[in-house]
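Take a look at these structures.
Two complexes are shown next, each including chain A; its partner changes from chain B in the first to chain C in the second.
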Partner chain A sequence: MADVGRLKNPSLIGPLLNPVMRLRIVIIVAVVALWEIVAVSGWLFRDVVPSWQRIIASLAATLSQGDFYFHLWATVYEIAVGLAVGGTCGLAVGILLGGNRLLSQSFESFLYYLGPTPKIIFFPVMIMWFGIGPGSKMAMGAISCFFPIALSVAAGMREIDRVLIRVGRSFRLSTGQMVTKIYLPAMRAPILNGVRLGLGVALIGTLLAETKLSNRGVGFLIIQSYNTFDMPLMYSLLIVLFALAIGLNSIIGWFAESDRMRR
Partner chain B sequence: MSIAPARDPVVPAEAAQPPLLVVDDIVMRFETPEGSVTAVEHVSFDVKQGEFLAVIGPSGCGKSTLFNIIGGLLDGYQGRVAVGGKRIIGPHRSIGMVFQEESTFPWRTVIDNVAFPLEVAGMTKAERIERARHFVRLVGLDGFERRYPAELSGGMRQRVSMARTLASEPKIMLMDEPFGALDEQTRLLLGDKVIQIQQELNQTTLLITHNITEAVQLADRVLVMTYRPGRVKRFVAIDLPRPRNSEIVGSDTFGHYVAQIWSDLREEASRGMIADESRSRGRGRAE
Partner chain C sequence: MSGLSKSLTRSALRPVLIGVGSLILFFIFLEFAVRFGLINQFAVAPPSDIVKAFPRLFAEEHVGDRFLDTAFEAVIASVFVALFGISAGVLLYKVRILRLATETWVAAFAAAPTVLLYPLFLVIFGRNATTIIMMGFVAGLAPVTLKTLEGLSTTRRVLVNVGRSFNLTEWQLFWKILFPSALPTIFVGVRLGLVFALINIVGVEFLINFGGLGALINELSERFDLAGTYAAICFVILVSVMVFMTTERAERWLTSAG
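Right, the complex of A and B next:
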């Protein structure tokens, strides 16, 4: 089994020449070209679909403004705190549910039903509790990522090889040592997977909250540009947002990849 | 008995030495939907310091139950397990367990696996790595310290587990079919390794197995168990010279012991087979 994993994609051709990469490039080029055609022709209103030239000019202007980085930092900070708080709670609850049959049978179904509920319905309450500043956005991020992380950890807990737990018991580990030295390392894969899912929904929760009611953040800028009908600015902010999402995801992907050889 | 307190001078010194491990009248029952099943019934034996005892029996004789009871992982039995004259309950530091299943930590390198019990005990990093290195060398895995278990063969991984248990320096090493998943040749060669280590550390060892060759190759004494409920059927002292190695497998005396144990075991194993068959048949009818 372990050897199968080792025969990992022996790519002899360069990454730019391999068919998957080539197809991806073709797709990107096609989308960009199609966009430009629509923009220049004015079929879908010239102002709603601005040309690349205007978007890139707006992007450059945005990136050269100090003010923008204040908002970007606010969003990143909100997501990070939300993920940390929601993730820690999710981890703790997941370990409890995964380790205790009674708890999991009585509580886990609630998590399953609450999990897919749009968390934005809690936003009014969060504003009243934490204000319209970053606090309520962090709370939204935390609520959003709590569910997938808790469920993923609970499932991971049940899949830990029983013999490893017996080894821990035979060496007389304390409960704390059991968690830090066996449960957590044995659950690296489900935890990372949960964090990956959690990051996605934390991003959605935070941004959604920012666009609803806030005074800072990338979501705030986006909705502001929409209100002033500055479409090039709005698209350039969306590009920033995509880059942010890809960047955060690839950090987790990097962790997962560096861990793969140990399995 | 007699009033005179003087000891019999004929008794050799080692016989007077109290046994290191005493397993006294163990009874274990499991409640199943089909009623109470007695897995182990009145099993008693003891193991002397430095002795290698193999417990052999057909599947379903309660060997693994016994392993878990002595290792302290199973509760609710009657009887008593004592080390050095003191009763032990639950996992105890003087007993080190080597499991049948793959039990290395896949996220730790070989050296960190072996250092695990030392780390748990709170030893400093430098000290535990040095100690672990000694045990890695002892099981013949020097040069593989920085490898992960996934990069090793099954036999090597089982040696890592053994080194890890030895690193905790247990008074008694308790092994449950540690080589059960390996091929015969690897098993014989690993047997040599076990003999060598046991000799070097004078390690008191209790091996649970269903493999007759393995039992005779390694043990000083073999305990043959009956099929369910597991009882002590016979003790066979293996009077083969030490140091031994796997070449002994070809000798006449070896063959004699194997045949002797098999004749005991055969009866039990066939009882087990018949019982299993009738149980499956009964279940088939019920469904």
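Right, the complex of A and C next:
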């Protein structure tokens, strides 16, 4: 009886025989096959959809070149500095707004409504302020991630257990001590959530700025491959870029999840 | 009673006055800082020059027509987003195995930096409005699909049971019970989709220097028209805030009505 039950229950059958997994494999195979058919069919202009073989060869060649890692490092560095600056400012503003009702009522709506504006339109201003070098890309990353982090931290501040704040005050903690000993430890989850959101938009802001005006970075390589119509290279760079975005997002997600499990 | 309402009005007005007053003070400080050389006048335009540039934007740069171009692209993209997103959501709701296999993919697609695909779309569609509309469509599709699925899945069981007790057909059950019940959540998705689409549309217009408001900012900055660039950025922010506020009000109205 037990054997029959095991065979009937898909979750107990091997993962590859699971109907959901089988459907996923079918969809992936169908997409790859459709791609190859379009690649060899001649329906689109030549090379607009190159074969997977050429894309994988280009990806391998890209990953084996030292030059690529120079550009990758430039992008990662710009994103990291942008996230650090925008995140620190967002954290400070979020704590201020979340900790003071009047400030929140007076200024938080500005952040709330400015948040969904397309940040790339500030790029000409950033060029005037910080030049055409990496500074303007870092600034784009900082502006992009400032809003989600500030709003997330402000919301997190309001969720802190009042008992914890009263305990801090009863111990006569200074403002700095309140921030480091009470506010930040109590707001780990919203901060990590804000950083997760902020990282995604900082990556977009930095890379879009690189595609617009730059001489280094993965965004620059992508727009160069577009300008030279090297489509296999463009596809391989986009694969690297999406892998980078998913990888960074997963790392912060893992941190957030392990923090949640610990509590 | 009158004293209470007066104090309530005063307490509600105070934050608004502080917010707007601080903004005005900031602009006055900026004006003097630029005029007296504390801030580089080639980096920041004096606010009075920005205000003066607005009539020029309408008279010489035809910002009204540019706005209509962007609005047209946003409307077309939103219609496609609503049509395909809602259909995909309904399909995933109806075919359970498809939902189990692809829901995480759709969620990952919603979080992916799809705007970075714009060079690919340029190659496929060319440097024209189709690329911009498609970029808007791609940005808005996943949120509408996910919210439609959520809305349909969270329909109260009792409503569905009432429908079944009236012997409604599957078609009638969907149109009379499931869809009306899911409509407020679907609208949240459509609103998110519209906002994402608009962000991508203006962004791509700026990046490829084609179309409406985004391209206008790019052109003005390339001409080193500092006051005009700042004025155009302010105009885009105003439009973006107004769209966001209007759709938010509509969402609140629909949610309260539902």
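Please note the rule applied: the second predicted complex is superposed on the first by the 231 of 263 C-alpha atoms of A that agree within 3 Å, B and C clash if a C-alpha of one lies under 4 Å from a C-alpha of the other, contacts with A are read in each partner's own complex, and residues count from 1 in each chain.
Assume a contact is a pair of C-beta atoms (placed from the backbone, for glycine too) under 8 Å apart; a residue touches a chain by one contact, two chains touch by 3 or more.
On a predicted model such as this, the values are computed, not experimentally measured, just so you know.
Enquirer: Give one word, clash or fit, describing how chain B and chain C relate on chain A after superposing.
Expert: Superposition check on chain A shows chain B and chain C fit without a clash.
Enquirer: Between chain B (first) and chain C (second), which does A:84 come into contact with in this model arrangement: first, second, both, or neither?
Expert: Neither: A:84 stays clear of chain B and chain C.
Enquirer: Have a look at where A:204 lands relative to chain B and chain C in the superposition and call it first, second, both or neither.
Expert: It touches chain C, and chain B stays clear.
Enquirer: Going by the touch definition up top, name the partner, chain B or chain C, that contacts more of chain A.
Expert: In the superposed model, C touches more residues of chain A.
Enquirer: Per the contact definition in the header, classify A:186: touching chain B only (first), chain C only (second), both, or neither.
Expert: A:186 contacts chain B only, not chain C.
Enquirer: Quick one: classify A:76 as touching chain B (first), chain C (second), both or neither.
Expert: A:76 contacts neither chain B nor chain C.
Enquirer: Between chain B (first) and chain C (second), which does A:96 come into contact with in this model arrangement: first, second, both, or neither?
Expert: Touch partners of A:96: none, neither chain B nor chain C.
Enquirer: Once the structures are superposed on A, label A:118 by its partner contacts, choosing first (chain B), second (chain C), both or neither.
Expert: Second partner only.
Enquirer: Taking the superposition on A as described, I'd like to know which of chain B and chain C A:164 touches: first, second, both or neither.
Expert: A:164 contacts chain B only, not chain C.
Enquirer: Determine, under the contact definition given at the top, whether A:172 touches first (chain B), second (chain C), both, or neither.
Expert: First partner only, chain B.
Enquirer: Between chain B and chain C, what minimal C-alpha to C-alpha distance in angstrom results from the superposition?
Expert: Comparing every C-alpha of chain B with every C-alpha of chain C, the smallest gap is 8 Å.
Enquirer: Can you pull the chain A residues that chain B and chain C both touch?
Expert: none
Enquirer: How about chain B: which of its residues touch chain A in the complex?
Expert: Touch residues, chain B against chain A: 71-73, 91-93, 95-97, 99, 101-103, 105-108, 116-117, 119-120, 148, 150-151, 168.
Enquirer: How about chain A: which of its residues touch chain C in the complex?
Expert: On the chain A side, the touching residues are 19-21, 23-24, 27, 44, 48, 102, 105-107, 109-110, 113-114, 116-118, 120-125, 127-129, 200, 203-204, 207-208, 211-212, 219, 222-223, 225-226, 229, 231, 234-235, 238, 241-242, 245-246, 249.
Enquirer: Name, in rising order, each residue of chain A that touches chain B in their complex.
Expert: Residues 2, 5, 161, 163-164, 166-167, 169-173, 177, 181-182, 185-186, 188, 259, 261-263 of chain A touch chain B in their complex.
Enquirer: If you look only at chain C, which of its residues touch chain A in the complex?
Expert: 14-16, 18-19, 22-23, 42-44, 97-98, 100-102, 108, 111-113, 115-120, 122-124, 195, 198-200, 202-203, 206-207, 214, 217-218, 220-221, 226, 229-230, 233, 236-237, 240-241, 244-245
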